[in-house]
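Next come two complexes, and both contain subunit A; in the first it sits with subunit B, in the second with subunit C.
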Partner chain A sequence: MTEATADEILEPMGRPSGKWLAVVGVSGLGLLWFLYAWIVQLRSGLIVTGLGDWGSGGGISWGLYIGTFVWWIGIAHGGIAISAAVRVFKAEQFEPIARIAEVLTVVALMMAATNIVFDLGRPDRLFNTLINWPQTVTHSPLAWDIAVVTLYLVLSVTYLVLTLRPDLHAVRDRVPRYLRPFHRVLTLGYTPDEDEKAEQMAWWLAVTVLALVPLLSGGVVPWLFGLIGTQPGWYGAMTGPSMLAESLTTAIAMVIIVAAAFRYAYDWDFIDEDVFIGLVKVLAFLALATLWMLLHDTLSGVYLAPTAVEALTFALIEMPLFQIALGGLVVSTLYLIAVILRPQLLHVGVLTVVSVVVSFSIFSKKLIFVVEGLLHPTSPPLTNLYLEGSYSPTWIEWTLVLGSIVLAVFMFAIATKLIPMVEIDSEQPTNTTTPTEGNQ
Partner chain B sequence: MTHAVTYIGVYVIFGIVLLPVYAMIGGWLLGKPRDFKTVGIGLASVFGLIAAMVVAVWIGGQLIGLLMA
Partner chain C sequence: MEQLPETPPGPDDPGWDERVAGTLEEVDFDTDLGKRMAEDAFRIADGELSKAEFHERYTDAVEAEFGVDERPTKSALETRGPERDPLPKVPDDREQTRRNVLKALGGVTAAGAASLAGCVDDTGDSDPPAQGDDDGIIDDIPHETQLGMVIDTDRCIACLQCSEACKQENKTSQGAHWTYVFRWSQDPEADYDDEHDDSMTRPCQHCTDPSCTYVCPTEARFKRDDDGVVLTDYDLCIGCRYCQVACPYGVNYFQWGEPDPPEMADDGIRDSLHKEEAFENDHFEHDRTSRNDRTVAGHPPEGVMGKCTFCVHRQDSGDPDLEGTTACEQACPVDAIHFGDINNPNDDPQQHLEERPDLDRTQLLEETGNDPNIIYVGPQPSRNAQPVQGPQSYENLGMTEHRREAIDDRFTQEGETDD
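Right, the complex of A and B next:
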């Protein structure tokens, strides 16, 4: 494994490069368009979306926003899972991308929460969800989600802060001056004596977050759907495991995309082929697990299934978006298996494209899942009572959803200026040039 | 048929989902090396962030209200 030098790690915190300025400029312009679309929705209400009243209204109340929320929650697991694997299972090959992955987790959770806000009819009453939480938690999976997503975000940020403190202390004289007050807040009360305890606490945090993964993407998020008996497309014990497999798949795909982006942007060769081969193995296993779950879902839906489930499954199979998602997942999995069998087939650019295809396929699958459950309420007592619904997202919805991706890119670009994106080896000398000077 | 069984959220969240968190806090406090100052920093981070999020949600709601006006 190629070792990262402190100079390489601190380079992004120095003078902005052309690539960085391009990313911030383009994403900044994208954010202006996103803000315009959001203000239009805030002022006009959800009437400007394709969402509508469910049931006799013939519409659906959950669409692109909730599908994207579920997708972002899934992505959030990749980061912390990679980092926890390094700390708990000593998977040292992933060490160069551990912190990048941790930041991905925090950003993804924030984008998940943002998509929930998009879906609210009166987002100005957001605080009411917290005021009423002590009552709603007793019976509402939505309140359970608020609790667990908040908890996951708090633990992820605490993990990031605990592991950052020794690094920020080590490079305190080398970072640009304007960052020092911010770093002083993060390293408040820090002494090198705490390192051993902080490492032990980070280990416990990693174990806790790993335990929360199946309780979040395989628990409270799928329980929003899987516990609801009136929607045959949603209901069932398999919803949790299926969603967990899909979430972890898209999470690792996104870790590959972000790792490749950093390698390209900063010529970080220490994110080497060993890292990507390791990620390919994990992604191939997870993609196969997702396909296996899909096989279960489909086979049990077409072979002597209850009428409602059978109709839903055939509607799903005939849907072009589903066919594209399935095709994308199958072709990607074949490439991943080929790379495992013949590692010389690995090309980081191709792998990045494949990871984008995997991520888009899972996004499509999650969107279809959310929408289909509401479009076909055919279970008693709703049989023949409610219309078969329709849903077509508007440009506002697409803009806000794409805006959350652009915002994530923007936040990543800002994060690279604020903290070292790779853990600094404490045995390395760090007293050479400052990053600002180093780039002049 | 009643649905009294749907009132299980307190048990689900505080009895199952939070179990790893209880174990983590126990591990922080009882695990070696013992260093309650660093544990205090960790707990301050956890509870400080929760408080910060509550405040951020309130401020966010107010700002959104202004945009909607």
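Right, the complex of A and C next:
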């Protein structure tokens, strides 16, 4: 395994490279377009979306924004998956990408929340949910969601800062001068004596966040849908497990994409084939789990199923987007299995494309899940008496959703200028401040 | 249905034969069978005959005559359970619809309605205790007030007056129908035909166990303690629309853009005023604040959810002429909507149930467990019912039936002005 040197790790924080400027420039322009679209929506209201009232209205209440919210929540599990692998399960091969994955978690959670804000009719009243939270948490799945997402965000940020402090202290004399006040705030009260305690705390934090995973993508998020008996397309106990499998799949795919991007941008060879082969194994397993869950869902939906469920499942199977998503997932899984059997087939470029396909397939699957349930709502006789729903997202919706991806890229680009994106420890004997047994 | 005399003649009274023969000759079915059944119905009332015996005695004859046997006494034979599909299918016989059977039975009960009223007890709690010839007034039963409606689909003529009146009263936006009229045919192939098609109006069900209040993340959607009305606090709602996806009845209409009541589409007010002012100047003529000081009445402001409020501004007006009424109820030309305290035996809903003991009673989608406070009496849509146009259309009355179309139109306009 190639060791990362402090010079390599600190390189992104120095002079902006051409690639970095290009990323910031393009994503910055994208953000201007995104802001314009958002202002249009804020001024005119949600009428500029393709959403509508289900029932006599013939529309659907939730669409692209909620689907994207669910997708981002899933991606947020990438950080904890890698951190837990490194800290809790001692899979040290993933150490070079641990911090990248943690930053991805924080960014993804913020983008998930942003998509919820897009979806609100009165975003200015967002904090009403917090004011009334003590009462609503007893009954509203959305209040549970707010609780778990907030907890997840707080714990993730704490974990990130806790593991960042020794690094910032170690490189305090080598970072650009303008960053030092910021770093001094983050390392407030730091002494090398705290490292052992901090490492223990990080371990416990990783375990806690790990325990939250089945409560987030396998819990409160699917419960937003799976508990609603009104919507035959949503209701069911399988919603949680299958959404968890999908979420973890897209999380690992996104970790691969981001890791490959950093390797490409900074020639970081220490993010080596070991890292990618390890990720491929995990991704292949998760993609198979997702396909297996899908098999359960579709088979139970077509074989002697209740008529409403059967009609829904056939409508699903006939959707072109569903076929694309399924095809993408199957082809990707075949490639991943091939790489596991013959590691020489690994090509980081191809793997990145495959990961994009996986991530897009899961995005489509989640979007279909949200939309399809609402296109065929409620039960007979009402479902027959109402208009069948229709939905085509407007350019504003596409812009805001893509905007959240562009914003994530932009935030990543900024983060590389603010903090070291790889954990610095034992490979720098002169600066070593964390000689803990756990990491050796 | 014809009004009944206070005390109809019994089999022992003079004039019984003529009356029965006269009534039963109006329908096409066996006069003799009807007469025998009516006489036995009186014996049930007198306690000489059990309902189960009565039911068994005529099972074969009724099936031979009507094709089905769906008399209300059936429950006396069966263990009681919720009826999932109250509409029997009668293969190969389009004439033998549920409605015809009901009309025929109506002929029977016309002869002995007062006594048969005591037999109808298969609807459970909402039913008043058996009264015999009594006028049904019971004053000393304590009950919690729950506003609700009994809607008579047998009377409904699908004229859409309720929808129009609601829109006028609450100034709802184009395509938002707080009370929407379902018009259906049990036979999807048939054109609209009064004999075979039916209709019902669908306001908010003001459920006893409303799923919308459960899911609301701000408690903006709430059920009012003192009268059971389900309302939206327009000052609290964040516009997440979770209530809309959780409601099985599809009664919620979100305010996607600025309030757009059709009447004000061309008056220029919306262009010249800011949103809050537009909300204040929207021609809603009543007080938006309820008696518990929350903004709940009339159409919602932009970005907020709305639905039928049971005309809460009327209930809270302090005006005895308006309290206990709704716009839809008053507009109904055939008196199909009966609004009031559904738990009060003296109020309109239960009074109407007593007047129409012959008709089927159901709540929509009972299986969801929301326990709606709208009780429908008369023909119900079967699981296979298909929508039909009906005798009147929303478009003819200057309304838009499907909100999606109205929203799409406005987005196109907004897009043009923005670009």
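Couple of notes before you dig in:
The rule is short, and it goes like this: the second predicted complex is superposed on the first by the 420 of 440 C-alpha atoms of A that agree within 3 Å, B and C clash if a C-alpha of one lies under 4 Å from a C-alpha of the other, contacts with A are read in each partner's own complex, and residues count from 1 in each chain.
Note that in this section contacts are C-beta pairs under 8 Å (C-beta built on N, C-alpha and C of every residue); 3 or more make two chains touch, one makes a residue touch a chain.
What you are looking at is a predicted structure, and each value in this text was computed from that prediction instead of being measured.
Aligning the shared subunit A places subunit B and subunit C next to each other free of steric conflict. Contact with subunit C, but none with subunit B, is seen for A:52 once the two complexes are overlaid on the shared chain. Contact with neither subunit B nor subunit C is seen for A:320 once the two complexes are overlaid on the shared chain. Of the two partner chains, subunit C is the only one touched by A:390; subunit B is not. In the superposition on chain A, contact is made by A:140 with both subunit B and subunit C. In the superposition on chain A, A:125 makes contact with both subunit B and subunit C. In the superposed model, A:153 lies in contact with subunit B only, and not with subunit C. Residue contacts after overlaying the shared chain place A:215 against subunit B, while subunit C stays out of touching range.
Fitting both structures onto chain A leaves subunit B and subunit C with a minimum C-alpha separation of 5 Å. Across the two superposed structures, the residue set of subunit A contacted by subunit B and also by subunit C is 123, 125-126, 129, 136, 139-141, 143. Touching subunit C in their complex are the following residues of subunit A: 40, 44-49, 51-59, 61-62, 116, 119-123, 125-126, 128-129, 131-132, 135-136, 139-143, 146, 224, 228-231, 374, 377-382, 384-387, 390, 394.
Put simply, subunit B touches subunit A in their complex at residues 6-10, 12-13, 16-21, 23-24, 27-28, 31-35, 37-39, 41-42, 45-46, 49-50, 53-54, 57-58, 60-62, 64-65, 67-68.
Those residues of subunit A lying in contact with subunit B across their complex are 38-39, 42-43, 117, 123-127, 129-130, 136-141, 143-144, 147-148, 150-151, 153-155, 157-158, 161-162, 188-189, 193-194, 196-198, 200-201, 204-205, 207-208, 211-212, 215, 219-220. Subunit C meets subunit A in the complex at residues 175-177, 180, 182, 184, 211, 214-220, 236-242, 244-258, 302-305, 364-365, 367-368, 380-387, 401-405, 407, 410-411, 414-415, 418.
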